[in-house]
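One chain, subunit A, appears in both complexes that follow, with subunit B as partner in the first and subunit C in the second.
Let's look at the complex of A and B:
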């Protein structure tokens, strides 16, 4: 089990490295004349060249990457081309916001999806139709539309939550809860819609397997068979979909953070991409990749723990 | 799952997926909605009353009127026309994304999951890499480099969501790679392509269908999101761009948000509904008359037949049993037709017949565990004087394991792969007999030794995939007798095993019968097995008993022509089995 986890972690780390090479190369393709952009069209060419040289842009790509990597392993992701802020510092300021958002969404999604999916898969009939309807509604509306409707209903009309803004949990825990609840719910709706359907179909699938009949033939109560055996078998595909949804949510966070004015990584992405601030974008890409790799690692380990056969792979 | 069971489950499938599709309101309605949207959108150039981009600022926000059924937008353009034309880009864009994702993800997932090895490693890496990239950043950067083109963005989106297909297919295929029937197909000499097409693709079909609908919905939603953020295709009238314009004017005319929102919502909803309905149709699981716990209890919930004095003395008494699988149209396929059987204590009754004769269905009805959709139409089944037909779940639970126990045909698929042999054995002991953890473990070891497993400690700690088929069947027998049942229902207990192991398992059943005085209902198609262990035999053909008598009489002087045919077949094809000798059990 430990060997399996270490193997997975090792391949995750290599993945991070490969992506850093790819991202670095692809992001250098447009080759923006940063000096010209910063200093304006009237600036003399020598000054522009001097500025580009100061940023290290006159050196070959491989050298720039080597420098970046050497600094990155010491948690130094360089400085913004435009504001000269430390990239590591801006990310560190914004990461907790996005992570708490994602953590909340994952928790809500997992709990609600499993409850709904198992209920629908076991009971079928009217409950099943109702849960499928929930799934359809969650999927029918684009997540940003759901977010907007939630803002209008719960923040503007009912006034239960603030429409915009963020309170760090260090300042006020209740304030933090009130600012994070709507974004978490808005992001959870489509995720629950997807994952609960997967849980439902996996539960139905496992319920039809031979070993479930044999367990029931042993005289074990049906609920016990469901919670101990069916759930475990159904969890593997459901977790895969949950992990997938998580990455999708990172994208959804961009829009949700924009709408709610949350100072997270997502809002930062839009802002810096449109400006072409490559060091910041590079930092954002690498942090997202790290988060994804860690989540996938956790899911792999969880699946291996649930399903001993998977440990062989 | 035995052949008869598979056959009866597949029976409705042969009646045509199209008919069942037409019988599902969900499928029909969603297909109609989707079809209508596609047709309307495809005909946009013909039926749209106005050019989608002709603006008349003087008439901005005008309400619906003749010629403008949905009114005019903030730039004075016809909303209905823009909606029709916008759908073309939205739907075709989603189709491009889905096609790219399918073409990239599914073949790679199949190959990686099935073959494993270097390709798996490489493909998994590549897709993890794609998946670990934040879609928004990639799309933003792509737009900056490639310019505002909805098609290129959708191709990139397709590549970005391809991993969802890849991972789903790969994990499903990898999970079944070790399954016995795939091994079996390979051993039978089927080529990998054939196995892929015949076995693997069938398993991953349903998840792919669900995922396709989800990806299509995701593509439509993501595209709308991009357009909503203003990162899209500029002048093209897409639904997302319309939402964006409408949202900036939401205070002046909230209705403008309704139409593109409704179009997006209806399309996605129809896609998701269609996928779930298709899944039920393809997997034969939609029949409302045959699903659900309520339906099951209804099926067996009729007035319980009375128990006669004669039935009280027999251990198992089956009287006039009729089992049927109702179809959606109200008709029913009878798989067992008014049969009578009796098993006394210490007696082994062989229930013989070919595939589809109804013998496995009879065995399941004795346990009160007919597969979904099946029901006892008539007759009675009593075990130790207690009625099974119509009994509640609580009664059945009490009887199962301690009065009537079950040994299945296929040892591997009947053990939960996530639990050790020890878990399988101790769970009923602890739950039904209330033994402590330590005591249950002791008893489990004892049981394993009783079924002649010498290496009991190691087997107890093993997972099902770590032991051989013969060993697994011994474990299942140990589990079946663990709570000291009076009646053992053994469904082809030796069919999946090799000849030497078969003989050992039969000897084991014989000795358990002698030691514990158990009655055994032995379902088999193998007359050699009958000759080996059975006291009496009943020959079943197409749901009816054609011959019934002592094993010796039936085998030496069969009365029914069908029995003679069966016996002739055995004499023609099967080599005589040598005498059984005990030997050391080998493990894999």
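Let's look at the complex of A and C:
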């Protein structure tokens, strides 16, 4: 198991390195005129050139990447070209916001999806049809629309939750819950729609297998068959879909964070990408890739634990 | 304050810095009358005065005082300078300074500080460095008297000294440190522990301030990416005050009971014709062609459909509060495609001509692009839009000088000379250096006349520019200064962002 985990971690690190090269190259290729953007249209060209040189933009791309990498391995991601903020500090401020959002969505999605999926897979009939219908509707509704409706109804009209902002759990747990609930619910709707359908299909599939029929024929109580044996078999594909949802959430977080004014890395991504602030974008890319690698690693290990055959692949 | 922001542990920083907007956690908060929370879409590049800009003024006014204070009506009042006077040539401005002001580390504010700050400003290369172009130097006449020497009169110097160029930092801190650790004599100091740069800035009132303290113990400025989030924050009382620019969000604000809003016509939107001499598009060298472009645009429909009627039609670039402004010039060019075609024919272009303009989607959305293209096509001008990405748009337009015109939103400051310097003199927005004898003569007259005699030539210059169709303004945009009802906001003449001094508790 340890060798399996180390193999996966090694591939993850290689992926981080490859993506850092690709991201740095792709970001630098359009050659954003940072000096002109910073100094404005009125600045003389010599001053703009000096500013670009001070940022190292007159050096070859490979040298710039090597410098960035040498600093990054020491956890120094540089400073924003546009706001002078330390990228590391800025990510440290913003990452907990996005992670708590994604963590909350994953928790809600896992619980609700397993309940709905198992219920639909076991009961079938009208319950199954209803869960499938809810899934299709949840999948079809754009998440920005769900988000806007939630803000208007629950924050602005009813005043149950704040419309904007974020409170860290370390400062106030109730404050955190109040600021995170609506964004989590908004992002959970499409995630639940997708994962619950996967759980339902897997449960139906496992229920039809020979070993489950044998267990039921031996007279084991049905709930015990479901919770001890069916769920274990159904969990593997469901976990994979849940992990994919988690990774995909980074994209959904961009919109939700902007609508709720959450100071997370999703909102930061849009803001800085349009300006070509390479140090910040590289920081965001690296953090995102690391999150994806870590989540995939955890899922791989979990799946391998649930299904030893997976370790051989 | 003379310390760099400490590198606090990540969790602590996140813990304290991000709670600002939360509805129920800790200060500053919406229901705390001692705290003012301003929402904005503007993020300052840094808190170094060299990087200051008018739209981010409140960030800087919290921690720095300016030499001259600009009142809400645009008049000038003493601040760090108590008196000022020009010599007869208008190239020497003598400033008499307050004698009871010191920086936090005890360094006195004096003429040496003024010299250090003003002489650094144009050298530091910030976005407003050009406003002190022509500064020859600052003479220290005595401890509290400084004389600003100019190579030629700068009629907007007091305006600039009440703006970015006038913010005074501790001479001992001038350099990179100011970017995140501002060191001025202002009424507040930055709380680095509760500030998350790029998102939220928290300023605490200083224990000792030389002037009248501002009414709030604490000021928090929170930056947003989307205006609907900003407006939702005001609707729920998490934000006390904000400027709302988008027409649909203004409509939300107006329909919301409990919110107070004050309208202000401020920026104008329109085409700046750079190529009036026909270097890129020869047809534009003819005044009749430029006038035809003005007649071709259906401004009333644009105002109605593109910005929901939130603005005033105009054909002039000078703002309503300037001496140059003339109300009748707002309707010089009626929408008249027939007249436009006649003018084109008279100029020898009965079949029109081709035009390519840059399009930055955040300024020219699809509806505006289509509207302008359609109007121009109706008179035979075939317009093609080049979509530019924001990272390279300025280079393409101003460095490469690749386009003959551009749609822009421009501020309309109350000071005539700011508009003359920005739009009329050869330079940034007149980078091809268009001029003529009348412009040259009137500019010289405005520049050198005593203040009370400059109004008439300014009006004459305005009339001349409109007649020569140097510009194609569409309308002045109306913005709403909106508050949650707990704050009174007094708009700042000629600026979209009210000064920090203009916020007071309601009632």
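Keep this in mind: the second predicted complex is superposed on the first by the 311 of 313 C-alpha atoms of A that agree within 3 Å, B and C clash if a C-alpha of one lies under 4 Å from a C-alpha of the other, contacts with A are read in each partner's own complex, and residues count from 1 in each chain.
Following the convention adopted for this analysis, a residue touches a chain if its C-beta (ideal position, glycine included) is under 8 Å from a C-beta of that chain, and two chains touch if they have at least 3 such contacts.
Bear in mind the structure is a predicted one, so any value in this text is a computation, not a measurement.
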item: Partner chain in contact with A:261 - subunit B first, subunit C second, else both or neither; value: second
item: Partner chain(s) touched by A:142 [first = subunit B, second = subunit C, both, neither]; value: first
item: Touched partner set for A:238, first subunit B, second subunit C, both or neither; value: neither
item: Which superposed partner A:105 touches (first subunit B, second subunit C, both, neither); value: neither
item: First (subunit B), second (subunit C), both or neither touched by A:189; value: neither
item: Partner contacting more residues of subunit A (subunit B vs subunit C); value: B
item: Partner chain(s) touched by A:197 [first = subunit B, second = subunit C, both, neither]; value: first
item: Partner chain(s) touched by A:80 [first = subunit B, second = subunit C, both, neither]; value: second
item: Which superposed partner A:134 touches (first subunit B, second subunit C, both, neither); value: neither
item: Contacts of A:270 with subunit B and subunit C, given as first, second, both or neither; value: both
item: On subunit A, the residue positions that both subunit B and subunit C contact, one per complex; value: 30, 148, 258, 270, 274, 276
item: Subunit A to subunit C touching residues, read off their complex; value: 30-34, 36-43, 45, 47-48, 50-51, 80, 82-86, 89-90, 92-94, 96-97, 148, 151, 155-156, 159, 161-168, 170-172, 174-175, 178-179, 258-261, 263, 267-268, 270-271, 274-276
item: Subunit B to subunit A touching residues, read off their complex; value: 1, 116, 125, 128-129, 131-137, 140-141, 144-145, 163-164, 167-168, 171-172, 174-175, 178, 206-207, 210, 214, 217-218, 220-222, 224-225, 228-229, 240, 243, 247, 261, 264-266, 268-269, 272-273, 276, 279, 285, 288, 291-295, 364, 367, 369, 371-372, 393, 397-402, 405-406, 408, 410, 413-419, 427-428, 431-432, 463, 465, 476, 479-480, 482-483
item: Touching residues on subunit C, where the partner in the complex is subunit A; value: 7, 10-11, 13-26, 43-46, 125-130, 179-180, 196-200, 222, 224-226, 228-230, 232-233, 235-236, 238-239, 389-392, 394-395, 397-399, 427-429
item: Sites on subunit A touched by subunit B in the complex; value: 11, 14-16, 18-19, 22-23, 26-27, 29-30, 122-125, 128, 132, 135-137, 139-145, 148, 190, 194, 197-198, 201, 204, 208-211, 213-222, 224, 228-229, 232-233, 236-237, 240-241, 244, 247-248, 250-252, 254-255, 258, 266, 269-270, 273-274, 276, 281, 284-285, 288-289, 292-293, 296, 306-310, 312-313
